[in-house]
Each structure stands twice: as structure tokens, then as C-alpha cells.
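As written, the chain order gives the labels A, B and C, with residue 1 at the start of each chain.
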Amino acid sequence: MTVQDQTPAQAPAAAPAAPLTRPGPVRISVDLASYAYEPEDGAAPLFTLEATSFEVCQRELVAILGPNGSGKSTLLKLISGTLKPLSGRVQLEGLEVSRLDARTRAQRIAVVQQETSLLFPIRVWEYVQQGRHPHNRGLRFESKEDGEIAGHALAEAGAEHLRDRWMHRISGGEKQRVILARALTQQPLLLLLDEPTLHLDIAAQVDLLRRLRRLAAASMYAVVVVTHELNLAAEFADRIVLLDRGKTLRVGTPAEVYQQDLLQQVFGTLLHVDLNRRGVPKVVFSGKEA
Amino acid sequence: MWLLLALLAAAPLGAQTNIPPGKGASRVPPATIAVTDEAGRSVQVPAEVRRIVSLAPNMTELVYALGLQAKLVGVTDYCDYPPEARTKPRVGGTMNPSLEQVVSFHPDLVLASKQSNRKETVENLERLGFAVYTADAHTVADVLASLRRLGGLLGAREQGETLANDLQRRLSDLERRLAGHPPQRVVFVVWPSPLISIGRHTFLADALRWAGAESVVDTPQDWPRLSIEELIRQEPEFLIFASSHADESARTFEDLREQPGWRDLKAMREGHIAVVSEAVNRPSPRLVEAIEQLAQQLHPDAFRAAPARGEEKRENRGTSGRVPASRLAKVQECRSCVR
Amino acid sequence: MRPLTPKRLFVISAALTGILLLVAVFSLKFGTRSISLVELFRILRDTAMGRSDQIDSDFRLIIFGIRLPRIVLAMIVGAALSVAGASFQALLRNPLADPYVLGVSSGAALGAILSLIVAARSPGATPFAAFVGAAAASAIVYFLGRRGGSLDSFALLLGGVVTASFLSAVIMFLMTTISGRDLRGMAFWLMGDLTTSSPIPLRWLLLVLVITIGVIYTTAADLNLLLSGEQEAMHLGVDVARVKLVVFLGASVLTGLAVSVSGAIGYVGLLVPHVMRLFFGSDYRVLIPATALGGAIAIVIADTLARTIVAPTELPVGAMTAMVGAPIFILLLRRRLS
């Protein structure tokens, strides 16, 4: 594992929790990648994301954490290849992600959206089967094998019972599972999720993260989740990438990253970090004013 | 999948749109004369025309005027003069006649009018192998020339010449009568609201000139739309309406008289309303009669002198021109106008 | 609903083609002069066997000179407008999109009017000028809709609506100021009218139609994904910019083709895709052939009604589609809202 340049300010209070599984080979390598949005009048670019480097390995679940505007989504877009980095590279198994054509990229990277806006009614299984699109050339119709892969994905996402339902008639939480199933149908190497818990209730949130954790551990996936849910991330992620205003402050295990002073500075509010018995940090927010 | 596309692509080869020759195609085609019609199209008119289909009311009138109604095998829904024309078999409207009906009437020649028919209809009929003669009358003289020409083509040369000469003579008489009378400034009201009049290139404008009138509306547009203010500004001496029924026109005047703008018109206040038969709308032989009628209303004093030869019969027709406002309800027109 | 397989696609297409042929044959039967099925069959058989001299010359003219070309034209126009409508609905992500929303028909109408003013004598001028007008309007809308190298749906829609209304205003202006005589035919054209015989042989029109629909069909799977959002489609490997361009061009060609020969027939491009979706789902791999065939069927039926309902007068076919289309539209809307 590669750790960021800046070393932690102080050693963690307790021994870091042992990773749940052994991570596999490196999937994504972010190498001094940065990005900036062009301002209107040709002035100096405003850096949304300053040069950052880290790696994500197979069977790992990495959480990109930070307050709003810290550049989390931009970083995710760099990883997914949607944006081309201003400097540096983002590589997937040695290939630069932004240089790949959309189809090749889609065969390896699956992005799970928060929501989906469908124009016309479509059944769940039809929607999930669209995940096979990157693997099918041209006008080929889905084969039986494709159907099986889709079915398997639905099961893994916990949505098998929704198979014949209409997409516009299922609840938000159910829809999230279906969207996940479609991503799994792509049989990617990398799963990317941008704030997947935003519209979900707490039970659904926990269920999703637990499922992701399991998927990462058991299969070939590497999972990157962008979130601002501190406790969920601490509970389920192997490693955290902490961003603040475009800068990567720390990369490490939750115990390494969740330092009270650091978090208070980043999130701008009083909080308290505890470690539970398993060594997983718990953030408790104070009601007092800073 | 690809099979399907291939099948579809082969369909063009099957799109048989050439008309296969039918029964009797080997018969020697009848002799024809190459003629250029009034719309500038070249037409192969048969030397002997036995069956005629008319696609326009004025052409139907022409055929009857030439005495050739026996040859007329098809007319439109709007061919209402003479009344017997209504008993002839129909082909539909003027804008959208049924091509199939025309086909089933087997005409040697189809008569069309540029004012009433569409170019597409003429083209379609020609494509089906029919000869179509299109008349295009811009002036009264055109109508007479049309009469002569068609008379010759349809085998009624003498009738055509006679009728045309007679109409010509009447027009010359009228011209003589009106010599020395300055033309009245008029507005021909096609439709009162929105106010639509006629442009200078229409045959109506020409007809007005023959009747001793000058339209104050001078525009190249055929059916210009005017504002009532423009009308007031021009202050025409007469308003002219075309109407088929005495009652209808009386009602129109009663309504109009009260309308703002209209009631301010000098012509309206003085009752200088002239009504002519609807024949004035059609470039047909009846046009001349309508012109005479109108002239009498506009220049009544030109007709109080001793009538010229042959004019006695016409004295009783038409109004005296000035219609007192209180008697608008009793507007009378010539006998031939009332149905 | 069962998954889509090549077999299902074939079955649906074959069934619809069968219905289309049936409707076409029946349509040949109807007209101001009704021909019995027996006679019709005999005529067709004689023609196929080269014995056309046996056919009564009236029937020959009516069937091959009037009805058959009109039916083929109706099929072409129906298929073109329906596929164009379905394509624009996907491209603009808007179920209310029809082939005219991007101003193509206004461009064609303007071209047609200008040709009537400038070159009233030549017969072939009008469809050609209409097509040029359609192409010009599409080009304008294309440039209005470009954002950063690819077509932006929202910008396209706005650009199209603006172009359409501007061109319509120009058309109004011309119609009122230019001599009214020659433009009477325009009223028919604007409503949609199949009586104009196309100067281009029908087989060429058919060829262009099939090729263009084929090209659009190659993006069918991509269109399915595009319907759930451009970002999503891109994440699933769709070359969004290329697909949008292909669909835009293809649908514009189809619309220009249809409008230049028959004027602006309304409701077809909007409704046939929706009706076909009701029956067959919204997978574009089956929707495109289904709407093509369904549109052909619809226009053939509408045209047959238009020329027989008040015979011998013929209604313009656009009047027929409006009369039938409007209630269907309301029905569909209510169903969707419930």
C-alpha cells in the first residue's frame, strides 16, 4: 500500500484494526493527478483538485471522504475517466483511463448513479440487462448467458425479487439495489459510487455498505465510494482518502485518518473520536458551538 | 435481422409504379394538335373533342355558352351556372377533384382554370395521359380570346366567334356610352371583415375599368387585406359588392351600416352601394353582363340618353345607382342574378 | 414481457408486414370507384403474369396510375415520419417530440413556397426546394444545438423551436404579401397531402428510406441506454456524441424526405411510436422496425379514409390524421397520467 506524502500528525491511540481481507493486486493507481475547471475569463485556473496520489487494490473498499466542495466528485470522475486530469495520470491496470474509449472503459469500470430518470416504463430485468451492453457488439441481442449474469447480479444486489417489477414503481432503496445490480452486470474490475447513501434511510444505507463490503471482499472488485458519512465509512471501508478543499490531507485506515483535530479542522465542527472494541473509530458530533 | 433489412432493401425493386399498358393500347391514337394553353403549357388537344370534363365553374359556363354542353361529361361541385350544369356528373371540388372520377369519365380534353385549380391536379392528370387545357384570364379581353380559342379547339368555332364578337360589340358600345364620363372611384369589397379587396392584376380590376370605375386599391397583390381607415382615407365614391341574393346583400348592408368606420364612409352615408351579380367573380361570358349592370349603377346618367340599338331590353335591369339609405332593403338586381 | 430475441423481432416484423400488405391490398380496392376483391386479384395476377393487355384500361389507370403510387407514397411517408418521431423522442429525451419540433418542416414549407414564387412553372421544383429548405433548417438547428463538440439535447430543442417559429413567421409573411393566386395549393401542402406525384421515382425514395432507417437502427441498442440519461449511457460504453449525431442526421433526412413530397402530415410521428411502445415495449431494437411498419399502416389507412369518406371530394390526409390522432393523443395522455 502506498501512503501519502504527509505523515500523520500523531500516532493513533490504539493499534490499527487489521484489514478484514488481504487486498489483491493494484487496480487503480492515481498518480499526481489534478484537475481544474476553467473559469470564464481566462484567469488562472481554480484548482478543484490538487495533485494527489494513491492506489486502490482488488478486494478493497476505499472511501473518499470530505465536506462539500472538497473535490470528491471530481476525483471520482477522474477515476472513472469522465474527466481527463490536468496533470498526472490515472491508470487502470497500466492503461490510462481517460484515454480508453467508452466501451473498453465500460467493460472495466462500472459507475453506480444515485438515481435514474427513465423516460419510458421499463422492467427491472430489462434495465439490469443493459449492463451487458459494453460486452455486446453492435446489434447482438442478449444471450442466455447474459440473462444469467444479470440474474446473478440481481441476487448479489439483493434485488432478485424485483425482477419483473416496473422500474418506476419500486421504492428508492429498491431502485438503488437495481442500479447496483446493473453495475454488477457489467462484470467490472472497479465499482464506483458517488454518494450512494444520500436518498436512503439508515437501514438501507447500512445494507448497501455491508453489501459493498461483502462484494469487495468476496469477488474481484475494487470499490471506491464517495461519501460524507463519517461513521459508515469508518465501519465499512478498508481505507479512507480524506479531502479538504481540493487537497488530499490523509490516506490510510479509518483509525489512522480519523484524528480528532484533523477532522474538526476539516469538517469545521466540534466532534469527538472514540475507538470501539474492534478498533473502528466512531465520530460523535457535539451539540456545543465551536 | 440482416435478412430482414435485406428483404426491405429489395422492396424498391418491387415498387412497380410504371403504368402497364392496358386493353386497347395498341389502337392507333387519335390525331392531335399541339397547342400552348394560357398557362404556357404545351397540350396535345385531340383534333376531334367528343368528351369534355370541366374542372372549374367558369370553364363550364364557357362550354355551355359555346353550345357544347352535350359534350360535357363531368363538372365540379361548384359548377352552378347554368342551372342544368348541376345535373351533370361530378368530379368533386376544384382544389381536390377525384382523379378516379375523371378517369372513369374518359374525357378527350380536360378544361382547367389557373384561378381555380391547382398545378398538382393538372400535372397528375397529364401524367395519367389526359390532355389538360388551362385557361388563365387576367383581363376581360383574355376571356373573349379564351372563348374564341376554345371555340376553335372544341369544334364550335363559329359559335365562339359569334359570341365573342357580340360581347366585344357590347363592350365597345359601353365604352362609347361612358366616353366623357370620368371613372368613378370605387372599392370592390370581396369580403367586409376582414376587409379584402382586389389587386390591379386581377380580371376583376379590369372588369371595373370597363364598367367605368377605378379601384382605389392599387396593389400587385391579388387579394389585399385593407384596414377600414385606409378606405376612409381614400373616400371612394362607390362601394361595390358581389352578391347572389337580394336578401343576403340587404342583410349585409344593414349590418355594415352600423359598424364603426363603415358608417363614416361617404359612400355608405349617401347610399352609393352598387351590387353586381356573382358572375363578376368568374372569367366567363356573363362577366360582360355584370359589367354593363355595374356601369348602369355607377353612371346612371350615361344611360338616360336614347339607348343604342339593342339596348332597349336592358334598360329595366339593374338599379338606378343611388340607393337611398332608407330603402337599402329593397335592393334589386338584374333578373339573371336572382336564382 | 419476454426478453427480446432475434426470433421475436422477426415474428413481430413479419406480422406487421403482413398487416401492411393486407391493408394495402384493401386500400387498392377502395376509391370513388370500388373494385371488388375478385377483380382486383385478377388484375394483379394478370399484371404479374405479363397479361396486362387483358386489363380494362380504366382499372389499369386507376390502380396503377392513381392508387398504387399513392399507397406506396403513403407507406414511405408513414414509415419515415414515425421513425423520425421515435428517433427525436430518444434524442431529445422528450416523449412529446415529433419530427417537426426541430423546425425541419418549416424549412421545407419555406422552400416549397419560395419555389412556387420563383419557379412556378417547373413541376419538379417544389419537392426539391422543400428538401433543400429542410436541410437548411436542420443545419441551422444543428449549429444552434452544438455545445462543446457534441449535440446538447436541451439546446437542440430550444434551437429547433426558435427556428420553427421564426420560419413559420416568414412563411406567414410571404403568404399574405405575395400574390395569393399561386399559393392556394400551399394550404393543402401545409396540412399534408398525398396527391402530388413525386417527380423522383418512388423506388429511389424507398431506397433512401430503407438505408436511412437502417443507419438509425445501428444505434438502436445505444438509444435504449440513452433514454436513461447521457451520463449513464456513457458509463455503459455508448459513444454519446456519435450516436446523437447519427440519429439527428438520420431523423432529419427522413423528415425532410417525407415533408418535401407530402407536406406536413401531423400526429403520425408523435403517436405511432407511443402506440407501438404500448404493444411491444420501448426497446428500440424492436421499436424502430415496428414504428416504421406501424406508421406505414397508419398513413395508408388514413389516406384511404381521406379519399373515400366524402367522395368524390378528397380530404387532405393531414386532416384525417388530425381528426383521428387528437383523440388517440388524449387517450394516451390520460393513460400515462393515471
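Operating definition for what follows: a residue touches a chain if its C-beta (ideal position, glycine included) is under 8 Å from a C-beta of that chain, and two chains touch if they have at least 3 such contacts.
Fair warning: this is a prediction, and the values are worked out from it, not measured in the lab.
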{"item": "Chain pair with the most C-beta contacts", "value": "B-C"}
{"item": "Remotest chain, chain A as reference, centres from CA atoms", "value": "B"}
{"item": "Centroid spacing, where centroids are CA-atom means, of chain B and chain C in whole angstrom", "value": "38"}
{"item": "Interchain centroid distance [CA atoms averaged], chain A/chain C, Å", "value": "46"}
{"item": "Inter-centroid spacing, chain B versus chain A (mean Cα positions, whole Å)", "value": "81"}
{"item": "Touching two or more other chains - residue numbers and ranges from chain C", "value": "6, 9, 217"}
{"item": "In chain A, residues with contacts to at least two other chains", "value": "139"}
{"item": "Set of chain B residues in contact with two or more other chains", "value": "1"}
{"item": "Complex contacts: residues of chain C adjacent to chain B", "value": "6, 9-10, 13, 31-33, 47, 52-62, 64-69, 72, 120-121, 123, 176-181, 184-185, 188, 195-197, 201-204, 206-207, 210-211, 213-214, 217, 289, 307, 311-316"}
{"item": "Contact set on chain C toward chain A in their complex", "value": "1, 3-6, 9, 89-90, 93-95, 217-218, 220-221, 224-225, 227-229, 231-232, 234-240, 277, 281-283, 285"}
{"item": "Partner chain C, residues of chain A touching it in the complex", "value": "80, 82, 101-107, 109-111, 113, 116-123, 125-127, 129-131, 133-134, 136, 138-139, 141-142, 147, 186"}
{"item": "Chain C-touching residues of chain B, taken from the complex the two chains share", "value": "1, 3-5, 8-9, 11-13, 15-26, 40, 77, 90-93, 95-101, 103-104, 106, 114-115, 118-121, 123-124, 127-129, 199, 201, 220-223, 225"}
